[in-house]
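What follows is chain A paired twice: with chain B in the first complex and chain C in the second.
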Partner chain A sequence: MLTALTTVILAPVVVGFGETLWAAFGILPALGHHNFSMLAWQQLFDLPGFATSLRLSLVSGFVATTIAVMLALVGSAWVYHCPKTTSISSRFKPFLKPLLVPILAAPHAAIAIGLAFLIAPSGWFFRALSPWLTGWELPPNWATVQDLWGLSLIFGLVVKELPFLWLVSLVALKQINVSKQLTLAQSMGYSHITAWYKVIVPQLYPLIRLPVLVVLVYSLSTVDMAQILGPNNPPTLALATMRWYNDTNVHLLLPASAAAVCLGLIIIASLAVWEVAGLLVRHVNSALIRSGKRVAKFNLLASTLSAALPITLMAGLLSLLVLAIWSIAWRWSFPAVLPSSWSFNYWLQLLTHWPLALQHSLIMAFMSSGMGLILAVAWLEVQDRFGGHLYRLTLWFIYLPLLVPQIAFLYGLKVGFLRLGLNGSMATVIWAHLLFVFPYVMLSLIDSWRALDQRYLQVACSLGSSYWRRFWRIKLSLLLRPLLLAWAIGIAVSISQYLPTLMIGAGRVESLTTEAVSLASGADRRLVGVYGLLQALVPMLAYALALFLPKIMTLKNTR
Partner chain B sequence: MTPYTNHKPPRPLRLLLSVLTLSLLSQFTFATWQQTLNEAQGETVYWHAWGGDVRTNNFITWVGEQTEALYDVKVKQVKLSSTAEAVTQVVAEKAAGQNTNGAVDMIWINGPNFLAMKQQQLLHGPFVSQLPNAKYLDLSPHSAASVDFTEAVAGLEVPWRLARFVFIANSDQVKQPPLSMAQMLTWAQANPGRLTHPVISNFMGTTFLKQALIELTPDPSVLQQPATPQSFATATAPLWRWYDAIKPHLWRAGTSFPENESIQQQMLSDGEVDIAMAFDPAAAAAGIASGLLPNSARVFVPSKGSLGNISFVAIPYNASHTAGATVVANFLLRPETQAHMQNINVLGSFSVLDPTSLNAQQTQAFAALPSSEALPTLPDLGPTLLEPHASWSTQLKQQWSKRYSQ
Partner chain C sequence: MSLELQNLSASTPHKVCLFEPVNMVIEKGQIACIMGPSGVGKSTLLNAIGGHLGTGISTGLAITGEVLLNNENITHKAVTQRNIGILFQDPLLFPHLSVGDNLAFGLHASVVGKKQRRAQVEQALEHAQLSGFYHRNPATLSGGQQSRVALMRALLAQPQALLLDEPFSKLDLELRHTMRDFLFTQTQKRNIPVLLVTHDPAEAATVNGPVVVLQPSS
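And now, the complex of A and B:
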């Protein structure tokens, strides 16, 4: 029955994907294309710079994900490192989560715009040094953002994705008895970082594998970050696809659809490559681990990463800070370090505009993430009890919306909803949000769910506890942290949905994000500041709840 | 073939007939217009319009307040980040067979988007001549309000604001603005890295190329015809020579470009470049007023004139509130509305009305508008150059990518 429900909920995805697929092969009756043809593909491959676009996407996606994963692993090691003398950095540990949450909660575009302002030749960093040190009255003609290699895009992706992977790791680590194993390893003479690498990482990585894959998919398909930080002549494949979809020549919908299908295939292939590479690394590593060497040779890498860690985190926080300053600035020219005139205009203007948008955003976020969480728990529990291959198949089905670039299948999704006679209502938009919220909730929950020590349940069962009691009191309460985190991620995903809200809502369901994006296309950092901060606020509260509620509850229980 | 013979009725009868027809016609127009007004009462018009400009958004809000008070018609702006989103919406509805009760009631549209919707028969109308306020427009076949990027409007869209391509310069840095494409090259050579244009896939980027093309091409009249491979090669040869010469002196040596004109204006504000572009003569004044541009921002246009076109509103064939949208479109053409719009403190966009159709009082309303140092007068703007046929933009985009995108 659950399969049937999942199928019904996800049916529009298939319709949408089908429409895109047809269009990629020349069939788009609304524009008078009825015959199967490969012309769209021909057009796609003839696009000047196609190879460069492809390379840019792959390089930025893989490099950014690799760096973010390594940083998250090193960062988690640092959290569990207890040196005898307290260093300055270790004093920051209690503040780590509150520092990560804002970056995680802020929309990608807001972080990108903040970061671009931070590192641009006319940005904050160079303003702080000009003209007293550099002698510049005008910014230099340097490519510190939108460089041709995509370095600033990679940096931006790492800045934004690190907090996500770091937090997911920290939550997952609660499932492993870290301190005991570390103490044991260290008593056998392994250094802290070696012990971390040889003992903890092999247990941790499988728990964060799916979130890592999500980061890989996002990095390959991002449009908003690529638009702000990436090169644009030619741009990454995702951005090129988006440009074709938005071209005034509607017949370009055909090659755009081909590009979207192509991007989808590249994403699937990249996932496969990443997984194979993961297996290879594990294979090579197991030899290294078994060698018994107490201090491995990667100390240089580890120290480079430890140095990069605070820089990355600082970059994220400063991006948000600089947006906050912009939100109350009026004029702020080069090389002034602070705005020359201030104004609360945009915040005040909001008072008349935002209540409705905020209300819509909240309703949609709570509904979709609540439903997503219930659905995910039901799905996982049914699988625990009955298992079966059918569910494994459905899992791929659930992840489908994450694998295909949004811009590509939303057009089809829209046609699908319209055929069902659903359009423009809040309920339809919540449904559309659910398509993206559900897989994210599922992804962030599934590994922790499966890693739950089944012996607790067996013990409870042998003590005669009923099924529902075991489910509620043991399973769900042991999984409270990952459940709440998954719910908070669901909120954040829902809040940030732009295209689904606009397209499925026919523009009639205005949310914080639709307001923000349409205004930000006018490139006003002050507005981006106001809306970006507002957009971050809601998920931030959800994350705060997810991180601190379990603590409060455990405190209560132990008393 | 029988020769054409003119069977004219006798003169007095003719006069009587024409008077009769005229009065009947106006009676008819009046009756149907009253019908439209009745039908529109209580409707909410969903106006899909690019939402990137706060002043435009505020103007649309004002329009809604006025039409609600005058005709009981509300306006709700659906803020788009690209007009293509509204086109896609209508295409998707048609694909799903939803031929009535569409989500889009009115679109701010022109040029290629209009052409696409006209060709796909996605528009309601012709309806322009039914509007009482159409009498303020010059609707002769070759007037600016009758042709949209060389495509005949055919009564399918209503003009509402005038757009002119202008450059914005930081006058502190640019003492003598380059007034021709040749001067632009010399200026760029003397000020390397201080000039750029939006990406060519963006319409402002294409417009810049078109502006250069019109000035550099041997015979601009060719551009009014659809481009053929032959005519394209001949007409654009000087353009590419010029672009090859200027490219190395552009910002980032012409390897990277701002995403759109707003980003380019932000770069001007940040001091990364000295020249930006806009499709609005009031852009500099408006930018200064909203703190987005430095006080030294000034508009200049090439001495031989610049591209101009008109922003229109159109109604999709399956709109839910056709009557309401018609009433709003008519309201946009009221001389009072156009004068309010032209006010620099409101929008600063020039009126689309034919000045000769206005009475003394209406003319006075325009003359009394406040001015600004950064706001050019109509004579400052020089002649308006006609938009080339749409096929030129498409091919310019393709050819530019082929040459400069690797």
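And now, the complex of A and C:
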């Protein structure tokens, strides 16, 4: 099992990173470079905009992650706080998860495109304010999207990552006795938010640490979101790297590889910085806890975050809505709030001949999520049956693809596949998707798998059922919900992959996401709307299936 | 100091009372007891007195009647202003803090200065016969030791009254006796009213104050 795992997951990452590393140090036989040299690095540092790109990546990555984490922590505090049962927040509470899931399910690119439609000068936000408030009959000449400081990119990252971290926190909180501990702290005079910060957060954070690190890595290295929302010239380092790779001047391949390695190093350093900062915060906090202060002085921060929470959530939902509206709009001139005429033409075209991108996306999503699920179940079951030494170590191997920037090994992997004559085929792209699908499937499945009450299996065993019967009829049946959910997450992850599809597919395997991203810079918002929405709809359907199928099945079985 | 309950009950959104209204006066230094079978609403009553009905995952219950602490009506006072300590069945020592830091968390904020606070915590540890346990992880303590720390933590917050929800019910018989003695000495030293709820008549027989049996409302 370990060997299989290593071949499927670890080998591509190592080989890919190795190839990239060689190229970064001047060794790229295909172009006639055979000797070790530091030239690529010299070229990289001399490339225009390198320093700015680096700064943009670091700022957007760290700021977005910090804000998203703080919002998720405040958001989960809010779920456990309800002074009056009649307040708006408590009425809103049952709808929270259904509101978070669509944003979670939608690929990064879809949210980014929707957000661009929302906050662009000609977007929904300014349409709603024009002309009655602003007096504009034409969109203003502002850069509210792709601004020089990367603010819209940061906003987009926060909008997309908040629901993920929020849901992860809500799941993790089930392991903590929250209400009793809050009651205790409050009986000692601690205000709700102080109690949350001093009692719950220190217990919650270690449980969501890995997802937070994944978000940090993603934010530092995203290409698709940066392309749609980020500054253009110079762009973030990850996007700049991809552009250098795709440049018609093949000699840029060497500095591009150096940039990819550089990004990898930056991410390792960033993870270290984040962890050290975490330790510092913990240290300061224990002094704060020892002081016994009942009302901590961060009420301003807490209320700012509480105000930002619904805005962020709304922005995500409105992004999806505006995608849907554009996809069926015909005439929609500024500053009208809604289209003046509608058309289902694009959708009808879609139904009559399924575009290649949709077919590809569906095939790749089903294949990679199915394989990811089988691998995950096999791995967990082997651990259960034979016990796992090296258990924690292998777990880190599994999560490795999420903790290194995609671009740092995808180019090398492409070169590796090229050598094996496998380049640009669907199978290799599915393999590349699997690298990211598998860890997410594991991440979502592992806690429920562990939490399964072993006594059910012991009872079944004592009733004389065989191993396979126990495995199918008890274990997998009891775990049906988490299994389906993990599968749906796999679908969502596969659909959202941009860079792996583009690079490993060598541009020949087009998917919904590559189409949506490349169309996003174009003029036809309707078509972009259709692709963006389709991209979001497929995973949402998978989630809906995962949520309702078990309910229908239990209804049938327990009438 | 005294804690007084006047016609106290809790009602559902449909105005149904959970149990017959309770009347009782607990003088300072007294330990009173409320008895009743499981599920009658004992914990709800404690939550009403402590001000926890509206917090946490909301139950939709409302308080009827009044709670008086030192002759002041605190029925609708904010939970953080009430100064009523609570102890649950489980010690609930915060797992992310050392034993000493758990006590420091409880220690009232009016005690200022690092040295001063540390000294008070060490003193509390001594009273709980746990000297030298400051840096221990709470999970490494025995059940009895954890209960003593939990009690000291509640008392360090300088409560005006103390509520106990089925305390010590998870301890074995012998430990329960020593724990009860410890509780009585510590609360009598501070001269505060104490109210404990239990379903165990033996437990109820040990208190020195009034005992009320909670009746489900008809």
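Keep in mind that, in the parts below, the second predicted complex is superposed on the first by the 385 of 559 C-alpha atoms of A that agree within 3 Å, B and C clash if a C-alpha of one lies under 4 Å from a C-alpha of the other, contacts with A are read in each partner's own complex, and residues count from 1 in each chain.
Everything that follows uses one rule, which is that contacts are C-beta pairs under 8 Å (C-beta built on N, C-alpha and C of every residue); 3 or more make two chains touch, one makes a residue touch a chain.
Because the structure is predicted, anything quoted here is derived from the model rather than measured.
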* To do: Could you tell me if A:F436 is touching chain B, chain C, both of them or neither one (first, second, both, neither)?
  => neither
* **First (chain B), second (chain C), both or neither touched by A:S286** => second
* Does the superposition put A:K180 against chain B (first), chain C (second), both, or neither? -> second
* Report for A:Y218: first if it touches chain B alone, second if chain C alone, otherwise both or neither. => neither
* Structure fact -> Between chain B and chain C, more residues of chain A are touched by B
* Contacts of A:F25 with chain B and chain C, given as first, second, both or neither -> neither
* Scan A:T514 for contacts with chain B and chain C and give back first, second, both or neither. => first
* Asked: Is A:Y190 contacted by the first partner chain B, the second partner chain C, both or neither?
  -> second
* Asked: When the two structures are overlaid on chain A, which partner does A:A120 contact: first (chain B), second (chain C), both, or neither?
  -> first
* Structure fact -> Both chain B and chain C touch chain A at residues none
* Within the complex, which stretch of chain A touches chain C? -> 80-85, 90, 177-192, 198-199, 202-203, 286, 289-294
* For chain C, which residues count as touching chain A in their complex? -> 13, 47, 50-52, 54-58, 60, 79-86, 88, 90, 92, 94-97, 101, 104-109, 111, 114, 117, 153-154, 157, 159
* Which part of chain B faces chain A closely enough to touch in the complex? -> 46, 48, 50-54, 76, 78-82, 84-89, 91-98, 103-104, 111-113, 115-116, 120, 173, 192-193, 199, 201, 203, 251-252, 255-257, 259-260, 262-263, 265-267, 269-272, 291-292, 294, 394, 401-402, 404-406
* Partner chain B, residues of chain A touching it in the complex -> 19, 28-31, 47-49, 52, 120-122, 138-139, 141, 143, 146-148, 227-228, 231-234, 243, 245-250, 253, 330-331, 333-334, 341, 343, 411, 414-415, 418-419, 423-424, 502-503, 506-508, 510, 514-515, 517-527
